[in-house]
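Each structure below is given as structure tokens.
Next come two complexes built around subunit A: one with subunit B, the other with subunit C.
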Partner chain A sequence: MTAFFDYLLGGIGSGAVIALLAIALVLTWRSTRIVNFAQVGQAMATTFVALAVRDASGSWVLGLAAALVAGAILGLIVQALILKPVRRMDTSGAIIATFGVLISLQAAAAMIWGGSPQPFGPPIANAGLEVFGHVWPISWYDILIIAVTALLVIGLGLLLTRTSVGLAMRASAFNPEVARLSGVRVGRMLGLGWAIAGVVGAVAGVLIAPSATLAPNSFDIFLVFAFTAAVLGGLDSLVGAVFFGVGTGVVLSLVTGYSDSSSAPVVVLVLLAVSLILKPEGLFGRGKARAV
Partner chain B sequence: MTGMWLRVRSSRLLLHVPAFFVLWLLLSRINTVIDPYYSHVMAMVAMYAIAMLGMAILVGLSGQVSLGNGALMAVGGYTFALTSMHWTTVPLLGLPWNAVWSVICAGLCGVLVGFAIGLIAARLRGPYLAGFTLGLAVGIPAIANRFAFLGGSNGFMLTVPYPDGGYSDSASSDIATTDNSVLDQFLSPSVAPSDVPASDAAASDVPASDAASSDMLTMDDVTGSGSASTTSPTPSASDVPSASPSNVPSATDLIPTTPSGTVTDPGFIIEQWQASMAIAIACIAGFVALNLVRGRQGRRWRAVRDDPIAAALSGISPAMSKVSAFTVSSLFAALAGAVFAQLLTYVGPSAYGVGLSLALLVGVILGGRASLLGGVIGAVIIVGLPSLVGNVADGRGWPAQVTDNAPNLIYGLLLVLVVLVAPGGLVGTARDLAVRVRRAVM
Partner chain C sequence: MLEITDVTVTYGAVRALENVSLTVPAGAVTAVIGANGAGKSTLMRTIAGLVKPASGSVALNGEGITNLRPEDIVRAGVVLVPEGRSTIPELTVDENLDLGGLWRDKAARKASKDEACELFPILADRRRSRADTLSGGERQQLAIGRALMCAPTCLLLDEPSLGLAPLIVTQILELVRRLSVEANLAVLLVEQNAVTALRVASHGVVLNLGRVVMEGPAEQIAAHDELRHAYLGY
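Here is the complex of A and B:
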């Protein structure tokens, strides 16, 4: 039974990172109705930037700051240069374009930094805490991850629901035409949504890197994890993404604990398939009437 | 040209038979006279072309963007490998087993799996479908990685053909282990000793070669162009110029599986044998695909893609149309996977990774998703570009990591560019131009 709780607790830290990536997916979906499959590519690229800055300056915090800036810029660039023009065409075009961005980013990163994994250590101890003579599967680093995730979610929630910018962003996403008539700069709001998603993705990348080594494609699997979490949460809901992100992390931790880590992608595939069979629009998503 | 075909529609099937027969004879003849290296290239193009036909039907005609066809190729490849390793006679018939039976099994398995997945996929739209099929691309190779009877992360090395055209397992080697360390690191509870940062520990137990081979987007592994031969599990064409006759005691028995009887030659060349099989299957697949696309089923697919409501009102079931497209696409993917397995003489999770699925998507979009010809052109692009880049890079002192990844960068940028500028791909754009020119002239 102790083992069960150890696995359960151990999954929360990894789940928080999955939740962050899922939030990034939800943000782009909410602002432009595009699931940005390039999100992990952007996160990977910004994490490499963070690594370079950290190694040059010796400061993990400076590295993180550089990643945040790079994430915002990259999000803006991808949205403005590629997805804004594509959006006027069909949805499959946008999906294919995001995969084009993903392939390009991974190839570019491999050309610049090489394909072999690079170590990117955590800023603080990543060892299990010892309390009451038991080594708990939670480290200070996990606590940092959980705290950052919680802060980001609360901050985003406040931004979207309590500020005029958030209102304008939601209006632009909900009905661009009416928002434009009401004086909202819709284009800017969509760009802002992507920039914020880029920042969240950058945070996720920097936080994942210590637990998974940093290579051009080492985040690929997290795209599937995060997508599963986002879909389970309905793709529209920040709370849903966090809940199911952490849930996915816990399930993976349990699977890994009782079986081994090679079962994890299989279990996630089953999870994704079952949820899509039961509710093709996501468990928390509002079912929309479909023509056929 | 299409006009001529349409006018003789009643005899279309009859016309396609000799056309593909002549194509097959021609390609088989070319295969016997060229250098084994080019036979290997031909086989790779044929293999990709088979898969691309399925992609053109699924993405182009049925309008379902799939990233999972690489995983469906794995279904075919593993069926091919397992049946040829474990079965010596055909059940019920009692005939001796050979590669043809393995290919048939691979196709059947592809149909079954494709139908089951298609039932789920038909309900999904846009990003849900893309995400689900991406999950397949990651999850299905992971199934093979997980279970020992599927070879685990090592996969199976298949030896050169038996006299009866089958393959044997040459004992799982540890050449190509898929790198699980990322997941191990991520998922294991963090109870590492405090003085060793977890990441450093991870880096030390990942040899550089493994890391490179796990690079899912390194299409060199997939195209087998040999530039990554140190990391690739696959004996590339240049490594195996010809199998020594001692490996193939009586190559004459191979005749049933090979078209032009070249193997009666004692100088049996494995690339030629592989290419002949790939070409034969590609010609059959092309014939089937063309008749499906030009026939009633193709019209149904297009009708559902363009306007599902109107199609439903005309008595076409959109759901069944989508499921049938997925099933047919999966059949072609599985056949391509079987050909891939015998080209690499290897099956393993790393061979059928996400990179393969992405390569298929790139090929079909660049070539032109709405036509079978576009798929075939896409196959040529996917196989040709890495060696083209290699030629350009030669003698310019580019570092290996630039040369190896430049094709992927070009694929990615071209993919974005095509979506932005020419959604029809090469073939679609050429057709648009032709129409415009014709209008201008008339």
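Here is the complex of A and C:
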């Protein structure tokens, strides 16, 4: 039974990171109805930026700050330069274009930073905490990740529901034409949505790095996890993304604990497939409802 | 005053509007009537900047607005309430109202909101309800309320009567007429239902296959039998 709780706890930290990436996917989906598969590529690139700045300055915090800025800029660039023109032709084309962006980013990263994995250690202790004579599978670093995720979710929630900018962003996502006819600069709002998603993805990247090492394709598997979490949460809901993000982390941890780590991704994919078969509106619910 | 001069709009090879000119004076309702496919909605969408004309111009009080983006046309004072009760169902009544005129300062928006709620009391009563829980008539009031939040000098109403009970249509249009006089608003009302539209309008324009076939005082058009038979089919 202790083992079960250990596995459960151990999954929360990695689940929080998956939740962050899932939130980034939800944000781009909400603002432009595009699933941005390049999100992990953007997170990978900004994490390389963080690594470079950290190594140059010696400060992890400066590295993170650089990643945030790079994330916002990269999000804007991907949205404005690639998706806007492609989208004019067709939406599924835009989703495929995000795969193109992912592959391009990985190729560019391999050329700039090389293809071999580089270590990117955590800023604080990543060893299990010892409380009441038991070493729990949760570290100060996990607690940092959970706190950052919680703060970001609360902050984003407040931004979207309590501010004028948030109202303009939501309206632009729900109905761009009505938003435009109310005087909202919709193009800017969509760009802002992608920039914020880029920032959230950048945070996720820097936080994942210690558990994955950093290489051009080392975050790929997190795309699968985050996409699963976002889809299970209905793709539209921040709360859903967090709930299923953490849930996915816990499932991964339990499967890894009771069998082995190689079967964990398969279990997640099976979960995704089953949920899509049983409840496809998790993925397309809003689209259907809106078509009526 | 809104002036539309020689506007031509083409969709591919189809001419949706051909050299349409009309004037919408402040302080009155001008009705554009015509059968389905006459180009009424295209006219509205062109004025609002959603459709760009092949030639011609639109000006508000002498200032050209033809080449502005839709959101800047709204900020210039020309606000369209599009066809089909254009509220956002996922947002509350309050949020739908707040969406209008977000660029204006807080005090001005508060004043506009109080005015809108006074004009349409139902909006104040249902503040926190989601817009999709409102009836059709209430949603139309909400859509017009949101347009008023943008502090318009010219209000464009595209088929507000669509799918509404006649009594509610009469009430809403009477409020719009009163508003045009009290706030010195230039109102352009597009309607398939000519009788209702001409009742509140002071001026009428008949559109057929993208051309203006007649214009004049509303009562004159309402009384014109041949015209009714030829273009409006009743």
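The rule we apply is simple: the second predicted complex is superposed on the first by the 283 of 292 C-alpha atoms of A that agree within 3 Å, B and C clash if a C-alpha of one lies under 4 Å from a C-alpha of the other, contacts with A are read in each partner's own complex, and residues count from 1 in each chain.
Everything that follows uses one rule, which is that contacts are C-beta pairs under 8 Å (C-beta built on N, C-alpha and C of every residue); 3 or more make two chains touch, one makes a residue touch a chain.
The model shown is predicted, which means the values in this text are computed figures rather than measured ones.
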item: Subunit B versus subunit C as contact partner of A:I96, first or second or both or neither; value: first
item: Which of subunit B and subunit C A:S164 touches, first, second, both or neither; value: second
item: Touching partner for A:T228 - first (subunit B), second (subunit C), both, neither; value: first
item: Which superposed partner A:Q39 touches (first subunit B, second subunit C, both, neither); value: neither
item: Greater residue coverage of subunit A in the superposed arrangement, subunit B or subunit C; value: B
item: Which superposed partner A:T47 touches (first subunit B, second subunit C, both, neither); value: neither
item: Which superposed partner A:S263 touches (first subunit B, second subunit C, both, neither); value: first
item: First, second, both or neither for A:S31, with subunit B first and subunit C second; value: neither
item: Subunit B versus subunit C as contact partner of A:T248, first or second or both or neither; value: neither
item: Residues of subunit A defined as touching subunit C within the complex; value: 164, 167-168, 170-171, 174-175, 177-186
item: Of subunit A, residues touching subunit B in the complex; value: 6-7, 9-10, 13-14, 29, 34-35, 37, 82, 85-86, 89-97, 99-108, 110-111, 114-122, 125-128, 135, 137-139, 141-142, 208-213, 215-218, 220-221, 223-224, 227-228, 231, 235, 252-253, 256-257, 261-266, 268-270, 272-273, 276-277, 280-281, 291-292
item: Subunit B residues within the subunit A interface of the complex; value: 59, 63, 65, 67, 120, 123-128, 130-132, 134-136, 138-140, 142-143, 145-146, 153, 180-194, 197-200, 202-203, 206, 208, 211-212, 214-218, 308-309, 312, 318, 354, 358, 361-362, 365, 401-402, 404-409, 411-416, 419-420, 423
item: Subunit A-facing residues of subunit C, complex; value: 48, 50, 69-71, 74-75, 79-80, 82, 86-91, 95, 98-103, 146-147, 149-150
